[in-house]
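One structure follows; several queries about it will come next.
Every chain is named by a letter (A, B, C, D and E) in the order it is written, and numbering of its residues begins at 1.
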Amino acid sequence: MIPIPSTLAQWSHYIAACLFALGLFGFLIRKNGIVVLMCIELMLNALNLFLVEVSMRSSHPEGIIFVIFIITVAAAEAAVGLGIILNLYRLKGSVHVDLFKSLKG
Amino acid sequence: MDNLLLWTILLPLLTAVVCALLPVKVSKIVAVASTVVGLLLACLIYERFIPEALNGFQMVLRVPWITRYQINFALGVDGLSLPLLLLSKFIMPIALLASWGITNHARVLTICFLVLDAAMAGTFLATDIFLFYIFWEFVLIPMILIIGVWGSSERIYAALKFFLVTFAGSLLMLVAIFWLYTSYHAQFGTYTADIASLGYIKFSTDPVLWGLTAQEWVFLAFALAFCIKVPLFPLHTWLPDAHTQAPTGGSIILAAVLLKMGTYGLLRFCVPLTPDAFARFSPIIAVLGLVGIVYGAWVAFQQEDAKRMVAYSSVSHLGFIVVGICALSPEALSGAVLQMVNHGLSTGGLFLLVGILYDRRHTRKLSEFGGLAKVIPWYAFFLVLISCSSMGVPGLNGFVGEFLILLGTFQTHPLWATVAVSGVVFAAVYTLVMLRAVIWGPVKNEENLSVKDINPREAFLLGVLSLFIVWLGVAPQSLLGKIKPSLDVYWSQNSGNRETASVILPPRDSVEGEAGPRE
Amino acid sequence: MRDGLFIAFGILTILGGLGVVVARHAIFSAFSMVIAFFGLSALYVLWGSNFIAMLQILIYTGAIVVLFVFVVMLLDLKKESSLDTGSGLAVMLSGATVWFFSLLILRAMNRGSYFASEKVLVSQDMRVISHLLFTKYLWPFEILSLFLLALIIGVCVLARPDSKEGPHK
Amino acid sequence: MNNLVNQFFVPLSPILAIVLSAIGVTILECFPKVSLQRAKFALSCFGVLCSLACTLFLWREGIGAPTAEALSVAPTWLAEFHEQYRLDIFSLAFFFAAGVFTLISLILVHFHFTHREGPREIYLLVLFVSMGIYFLISANSLLILFLALELLSLPSYILVGAQKGDHKGAEAALKYFLFGSFATVLLVLGMAFLYSNYGTLHLTTLAKRIADYLAYANSPPEMLIFTLAAIALLIVAGGFKVGLAPFHMWVPDTYEGASTPVTAFMGSAVKLAGFALLARLFWGVLLPLSDRWVVMLNALAVVSMFWGNLAALKQDNLKRLFAYSSISHAGYLILALTSVSAGGAPQFEALYYYLFTYGLTFLGFFAAVSFIEMHEKTTNIYELSGLGFSKPWLGACVALLVLSAAGIPPTAGFLAKYLVFLEAIKAGHTITVILAVVSSLIGAYYYLRILVYLYMKEGKTELTLARKQPLLLGVIVFTALSMLVLAAFPKLF
Amino acid sequence: MQVVLFGLILIPLLGAILNGLVLRSKHTRVAGGIATACSAACFLLALSLSLNYFETGTPLSAALPWMSAGPFVLNWGLRFDALTLVMTLVITGIGTLIHLFSIGYMDEEKSPYRYFAYLNLFLSAMLLLVLGDSLPVLFVGWEGVGLCSYLLIGYWYEDIDKANAGMKAFVMNRIGDAAFLLGVFICYQQFKSVTFTEMAHLTATSNSLSVWWLEMAALCLFVGATGKSAQIPLFTWLPDAMAGPTPVSALIHAATMVTAGIYLVARTAFLFQVSPDVSQWMAYTGAFTALFAATIALVQKDIKKILAYSTVSQLGLMFVALGVGAYSAALFHVMTHAFFKALLFLAAGAIIHGLHGEQDIFKMGGLRKHFPLTFLFSSIAVAAICGLPPFSGFFSKDAILFAALASPTGDVLLWGVASLASLLTAFYMTRFYLLIFFGDYRGEAHPHEGSALLWIPLAVLAVGSAFAGLVGMPHGLHMLPDYFGQLLSPVLPAWQETHAFLGEIGAMSVAVAVAALGIGTAFVIYRKGTGTGEKLARAFSPLYKLLLGKWYIDELYELTIVLPFKALCRFSSRIIDRAIDVTVLFPARLARVGGTALSLVQVGAVQVHLWIMVLGGLVLLWWALRGLVV
C-alpha cells in the first residue's frame, strides 16, 4: 500500500493528454504515411497511460487487462497499416498520403 | 377469396404476371380481356352496392397485416369510392386499347398498365390509411415508366418532374399519417390505421407552431399532397409537362383517374379527419380552386400544343371539383363526385382524340392542323361531341357535374359560384378556339389532306366514351342515385357539428365492430 | 524522488512524442518514438504497473518500433527537404482543432469523477493479471487469438508480392 | 458433459460454426499449390449455413442462454463465460441477418473473383470479418466490443486493399484504415472514460451502475462528465463505422475503391455490426441518459441524410452513388436508434427490419453491379442504359431494389422507413422526421435516375451473358423478391 | 299522351341521328326529306296537342328522372301550356316550312345530311327549350340551340370567317348563359325548387323570399336573355351569324332561337313582376337596342345584314313590351315577327340563291321582273314589318307601342324611342324593298326564280304574315276578340292600362303615321335607285361612316375586351406560369447546388477528411460537455 504521489495523480493525465494531442496533431498534418501510423501509436499509448492511471488509482485490474489488449491490437494495427503503406509504395513509389486522392467528389 | 374488391386488385396483378410470361401479342389481348373482366367486376360491385346501407363501407375485407401496429389489409367501398372505382376500371381497357399501336416494349407497357390498374383500384378501395398510402405512392411507379419510356421527346424531364413534385406532397402526408397514428395511440391506448376510426381523434386547440394547431398542420400536410395531385393552381406546373409527354394511354389515365385521387383524398381524409381545419382553410383552397378555374382556362387559351391545352383545361375543370368540395353542400358534393367521373370521360376522350391525331401527323401543334372536318369527318364529330362535354354543354355529362357543383356552391358561397361561373365562358373560349384550329377552316397544310379517319378500334373507343358521356348527361341518376344516400350521410357528418349528425345517424362503429376506438 | 522521476520521465515522454511529430525523416520519428515509449514504461513503473511497463518495452519498443524502422529502411525514403505538413493553413486549423479537442478532454479529466479515488496503490502483479486473463477474461483472450490468426493471414495477403495467380488457375 | 453441450456449445453454436469453417478454410489455405477455391467457397458457405441453422434452431428453442439458476450450479468458468457472452433475442436476430449477409457476400465474392485476380484467402477474410460481427453482436463487455470491432475491421481493411495492383483499392484501404484506426482510438478513449467513471468493462454492470448513478438524487452533474464525453466519443467511433456524417468521409472513397463484392459486404454486414455496436452501447448501457444522446444522434442523423442524399445527386458511379445513399440510410437508421421515448423501451423491430431490408437491398444491388461490371468493366450508371428491356427480369429486379432503397411502396424499403418514422414520431421527433422525409425526397431523385437509365435510355449494346451465373442471378432475384415478400409478410420477423 | 311530349323532342332528335350518323346521304332530297318529315311530324303532333289543349284547357306535363343530389331533385320535366303551345306551333310550323325551303336552297351541297341533321337537332333543342318545365331543362334547350346555331353558322366551315362567326355567337351566348346559370342558382336558393309552376306559386304565396335576391335572379335571367336575343350589350353576334345558310338565318336567327330570350322572360314573368326596376331596365334596353339596330340597318348594303339588324331591332321592341309588362303583346310580336321575318329571310334566300350568292343590295335592283313571286311575298312581309294595317306586324307592333305608352311602367320616352325605331324600320325596309325590286338591275349575275320548293314556303309564310295579326286584334278596334291574349291569359300576367295622353286608337294612328312617314321618306330617296342615297351619304359622311361601321361596336369590344383578354392570357401563360414553374422547381435547383458543394468538400485528401471527422467529434464533445467543462 503506497500512497499515490500528488504529482502523479495530478499530472499523469496531463502527460497522457499532451501525448494524445501530439499524436492527433501529427496524425492530421504529417504527410508521410509511416509517421501518420506512428502518430496513431502515440495516441494509443496516451490512452494506455490514462487507463493505467485509472486502473492503478482504483486498484482495479480490469484497466490493466484492457491495456494488454490494446497493446496487442495496436501491434496488429501497426502491422496491417504498414502492409497497406507498403502496398501503396509498391504502386506509386512514395508514402506521401496526399498523393492518393484519386477517389473524390 | 370471394371478396370482389380484392379481386379488382388481384386480377390485374395476376394478369400482369401472366402477361410477363406470354408472347407480346397474346399478352395484349389477355390484358384487355382482364381489364374488361375488371370492368365487369366493378359493375358487379355497382350492382351489389346497397345505397341504403348508410353505415360506412360495404363489402369490407380485413386481413391482419402488421399486427404490431394494427395495420390491416382492409378494403371497402362506399359512395365516394364507387364512382371512382367504376371510372378507373372503365378507363383501363380504353387506355390499353388506345396504346394498341405502341410496338416498342409493348409487353412492359401492358404490365405497367395492369399494375397501375391494381394500384388505382387499391387507392380508391383502401380503408386502411397505411394501405391507402402504399397504393397512393405505388401508382407513381408505373406512371413514371409510362411517361418516361413511351413518352415524347422531353419525357424523362416530365417523368421526373411528375414524380418528384407529387412525391414531395405525399411525403409530408406521410408525416401527418404518423402523427394521426400516434395521437390515436396516445388518446385511446391502441393503434389503428382504420381511416374512419382515425376520425375520432380529438385535437387540442393549442397552437403548436406558427399559430397553427396540430389539426391544422395535419390538414395542411394532407391537403398539400392532394392539392398537388389535383392539381390546384400554383402547384399545377407538373401537369402540362406530364400530360404533354405521356403517351396517349398514359395521358388518358393520368387525366381520368390519377388527378381524381387528389380530390378523392380531399374528400376521404381532409374533410372527415380534420373538420375544423378544413373549415378554416377551405376558403383559401376554394379561392385557389377558383383561380385555377379562371387561370387554367386563360392559359389553356394560349397553348400551341393540343395536349398542353387539354392539360390546362384539366386544371380548370378540377378547380370546379375543388370548389365543390370546399363548398360542402350536398349538391356540390354530389356534383364534385360526379364531375370526377365526367372529367375522366371527357378529358380522357380528348386525350384519346389528340393522340389519334398525333399518331397520324406526329405533331400536336394546333397551327399544323386546320380544316380536318373535311378530311376526317368522323373524327371531327367525336371531337365536337367530346369538346362539348368538356365545356359543359347540357345534355352531356360535363354539364350535370358542373351544374350541381355550382348550384351547391351558390347555396353556401354565392360569390365563389359567381366567379366559378365565369369559367364556363372561358371554357367555351378555349375549346372553341381549339376546335377552330383543328377541324374548321380551310385545309392549309398539304399533309393534312392524306390523314386517315379513325379506324374501327378508335371508333369503338370513342363510341363507348361518347355513349357514356351522353348517358351520364341524360341519366346521371343511375350513378347519382346509387351514391346519394352515402353522400348525404357524408355531408351530414362533416358539415357543422358532428353531434347532431350522430344523433340522426347510427354511430359509425355500430356496424363494423372493429371500427371504433377500442379500449 | 518519485515526483522528480515522474517529472523527468514525463518530460521525456512528451519530448519523444514531439520528436515523432516534428522529425523530418521517418527514421528520426521512429527513434523519437522509442524515447517516448521508454519514458512511458518508466511512468508505468512509477504507477506500480510493472507488467505493463515490461510489455511496453517488449512489444512496443521491441516489436512495433522495430517494424517501423524496418519498413522505413526497406522503403529507402529520401530525407525530405522540409517538414511534410501540407499548407500552413491546414496546420493552423489542425492545431486549433487539436488544441480545443485536448482542452476539452483535459478539462473533462480534471473535473470528471473517477469511480474510486483511494489514494493508495495496490500492486497489480503478473499473477493477478494472468489469473484474470485465464478465468474471467478467457473468452476475450480466445477472441484475441482468433484476431491474431486473422491478422497473420491478412498481413500475408497484404505483404505477398504481386502474384499473377488467379484463384482458379 | 451434457451441461457443456447445453450451456456452452449450443449457445455458442452460431459462432462456432463460423469459427470451425474458418479453421477448415485455413487448413485448406495450407495447400497453395492446389486450387481449392471452390472447396473453400463451399466450406465457407456451409459454415455460414450451419450458423444460420443454429441461429434458427436457437430461435425456435427459445434463445438458449442458460438461466441464472442453471448457471449457479454450473462450473465457474461457464458462468464467467456467460457473463461475457450475451445471447438474447437481439443477438439472435442480428446473427441471422449477419449470416444471411455473409452468405450472400460470399456468393458475390465467389462470382467476382472467379473472373479476375484476387487473393486466395478472400473467403477466409470474409469469414473473419463475419466472425468479428458475431462476436460484436454477442459481446457483453467493452473489451469484447473493442476486440470484435478490431477483428472485423482489420480483415476488412485488407479486403478493401486486397486486389493487387489496384490503385483505387490501395487508396481506399489507406483511407479506410486511417479512419478506422483513428475511430478505434476514439472508441478506446470513450471506453476508457466509461471505465474511469464506473470502474467496469462489463456492459450489464455498467448499465446498472449508470442507472444507480442517475437514481442517486444528489449526484452532481460533474459525475457525468466522463460519461457524457464517452457518449460523444462513442458516437464518433460508432458513427464512423456506420458511415454517419460527418464521420463518413471514408465511405464514398472506400466503397468506390473496394471491389464490388467487398463493398457489398461492407455496406450490409459491417454496417449491421456498426449498428449492433451502437445499439449495444446506447440501448444496452446508456439508455437512461437518452435525453443527452438522442439530440446529438438526431442532429447527426439529419446531417447524414442530407449530406448523403445531396452529394449522391451528382454521382455517376454506381458504387459511389450507393455509398452516399448508404450514408443517408445511416441517418434513417440512427433515427430508429434514437426512437426511445423517455422511460420507454427501445423499438428494436424497426431498426432491425430496416437494417435487414436495407442490407438485402444493398447486396442485391451490388450483385447486379457486379454482374454489369463483369460485362462492361465499369460501374458507371450509363452501363445500365436500356437494361430494363434488354434483360427484362434483371432490370425489373434492379428496379425493385432501387425502389426499395428509395423507400417507395410497395417495397420493404418503404415499410422499413415507415416503421422507423413512425417510431420516431412516437418518440416525439416530429421535426426530425419532417427533415428526414424532405431528404428522402431529394434522395428519390437519384434513385429515379437509375430507373431512368434502366428504362428510359437507349442501351448502347445488348448485354450478352458470357457464362451462366445461376448463383448470382439467384441472389439478385432472391433479394428483389424478398423486397416484396418482406413487405407483404413483415410478420416473418 | 304524356309520352307524346317526349316525342316532340325525340322525333327531330332521331331525325338528326338518322341523317347525321346513320344514313349520311349526299342527296339533298333524301336528307332533306327525312328532316322535313320529322319536322312535319312534330308540327302535326304539336297541332294535335294544341287541339287537345283547346279541348281540355289543362296543361299537359310529363317527367323522367334526371338528377338528384341532396335535397335537390331535378326531372326531365316537360309541360305543354298555352305559352308553349304558341311557341311550339311557331317553331314546328315555320320550322317545317324552312326545312322544305332548305331542300331547294341547299340543292348543290356536298354534305346536306350534316345540314339537315343540325337543323333537326336545333328543332329538338328548341322544342325542349319551350317545353321544359324548369329552368335547367329550359337551359338544356337554351344551350342546345346555341350549339346548333354555332354549328349552322359555321356550316361552311372552310371559310374561316364563318367558323369565327359561329364561335363569336357561341361565346357571346355563353356569357349570357353564365348569367342564366346564376339566375337558376338564385332561384334554387330562394325557392328550393327550379320548376316554373312551383316558383310561380311560391312567389305568390311565400313571404320568406328576399325581394333583392329575386331581383337579382330576374336581372341574371335578363342578362341571359340579352345574350340569346341579341340585345345591348350582347347583340354583335347576330349580324355576324348571317354567315350561315340563309334558311338558318330565317329559322334560328329570326323566327325562333333569338326569341328564346323573350320566351324566357315571359316564362319567368312572376320574377319580373316583382322586380319593377329590372323590368324598367329591360324596357329601356329593348328600346335603345331597337333604335340602335335600326340606325345601323339604315345604311347597310348586305341584304342579310339589313335583316339581321332589323331582327335585333324587332327583338328590342319585344323587350320593351316585356319590360312594361305586356307579355302577351311581346309574344304576339314574336309570332308575327316569326312569320314576316322568316318570310323576308327566305325571300332574301331565294334571291341570293337566284343571284348565285350575291348579297349586296346595291348590286340588285329591278328584280321584281325576275322574281315575281318572291316580289309579291316580300311586299306583304315589308308591309307587315313596316306596320301597315292590316298586316300582322301592324297589330303586334301597335300593341307594343301602346303598352310602352300606357303601361304603369311605361312612359312617353319609351314610347317615343320605340316609335322612332318603328319610323326607321319603315324607312330602311322600304329602302331594302326599293333597292332590290325596283329601279334597274345593277348586278352581273343572271337572276332566275327558284323552284317550287323555294316559293311554296314563302307563300305559306306570306299568308301568315298577312293574317296572323288578326288573332290578336286590339280591343280598341272592337272588331275581333283578342284570341291571342285570351289564350295566354292563364300563363302570363296581363298589364293594366293606365291613362295616357293618347288612347289606343290614337296611338295606333300615330304608329300608322310614323310608318307612312318612314315609307314616304325612303320612297323619296330611293325611288330612283341609289343616287340620292349616295348623295346623302356624302353629305353626312361622318354619320354615314359611323352607321356603316355599325357604330364601331365590334371594334370597341375588340379593343376593350378581346385584346386585353388575350394579353391577360398571354401574360398568364408566358410570365406567370413560367414564374410558378421556376419557383416550384427552385428547391430542386437548390438541391443540385448543395450536391455540388458537398462533392467539392470531398476533396480526396485523406487528412482533410479526417480533419472534418475530428471537427465533427469536437462539436459533439463540446455539445455533450457544454456547461460542465466549458
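Please note the rule applied: a contact is a pair of C-beta atoms (placed from the backbone, for glycine too) under 8 Å apart; a residue touches a chain by one contact, two chains touch by 3 or more.
These figures come from a predicted structure and were not determined experimentally.
Novice: Among the remaining chains, which ones contact both chain C and chain E?
Specialist: Both-contact set = A, D.
Novice: Going by C-alpha centroids, which chain is farthest from chain A? Tell me that one.
Specialist: E
Novice: Looking at CA centres, what chain is most distant from chain D?
Specialist: Measuring from the centre of chain D, the most distant chain centre belongs to E.
Novice: Counting C-beta pairs in contact, which chain pair ranks first?
Specialist: A-C
Novice: What chain sits nearest the middle when you go by CA atom centres?
Specialist: Central chain: B.
Novice: As a quick test, compute the distance in whole Å between the mean CA positions of chain A and chain B.
Specialist: 65
Novice: Using mean C-alpha positions as chain centres, tell me how far chain D is from chain E in Å, no decimals.
Specialist: Here chain D and chain E have centroids separated by 78 Å.
Novice: Rounded to a whole Å, what is the gap between the Cα centroids of chain A and chain C?
Specialist: 4
Novice: What is the distance, in whole Å, between the centres of chain B and chain C, each centre taken as the mean of its C-alpha atoms?
Specialist: Roughly 69 Å, centre to centre.
Novice: Which residues of chain B are in contact with two or more other chains?
Specialist: Within chain B, the residues that touch at least two other chains are 164.
Novice: Residues of chain A touching 2+ other chains?
Specialist: 20, 24, 27-29, 31, 50, 54, 58, 60, 62, 65, 69, 73, 76, 80, 83-85, 87, 97-98, 100-105
Novice: Where does chain D touch two or more other chains at once, residue-wise?
Specialist: In chain D, residues 143, 147, 150, 154, 157-158, 161, 164-165, 174-175, 178, 182, 189, 196, 199, 222, 225, 229, 252-253, 314-315, 445 touch at least two other chains, as defined above.
Novice: Between which chains is there touch?
Specialist: The complete list of chain pairs in contact reads A-C, A-D, A-E, B-D, B-E, C-D, C-E, D-E.
Novice: Under the touch definition given earlier, write down the residues of chain D that touch chain A in their complex.
Specialist: Touching chain A: residues 142-143, 146-147, 150, 154, 157-158, 161, 164-165, 167-168, 170-175, 177-178, 181-182, 184-185, 188-189, 191-192, 195-196, 199-201, 252-253, 256-257, 314-315, 320 of chain D.
Novice: Show which residues of chain E lie in contact with chain C when the two form their complex.
Specialist: For this pair, the touching residues of chain E are 607-608, 611, 614-615, 617-618, 621-622, 625, 628-630.
Novice: Can you tell me which positions in chain B touch chain D when the two form their complex?
Specialist: 20, 65-69, 105, 108, 130, 133-138, 140-141, 144-145, 148-149, 155-156, 159-160, 163-164, 167-168, 171-172, 174-175, 178-179, 181-182, 185
Novice: Give the list of chain D residues in touch with chain E in this complex.
Specialist: 174-175, 178-179, 182, 186, 221-222, 224-225, 228-229, 231-233, 235-236, 239-240, 245-247, 249-250, 252-253, 292, 295-296, 300, 306-307, 310-315, 442, 445
Novice: Which bits of chain A are touching chain C when the two form their complex?
Specialist: Its residues touching chain C are 1-9, 11-26, 28-32, 34-35, 37-39, 41-42, 45, 48-50, 52-62, 64-65, 67-69, 71-76, 78-80, 82-87, 89-90, 95-96, 98.
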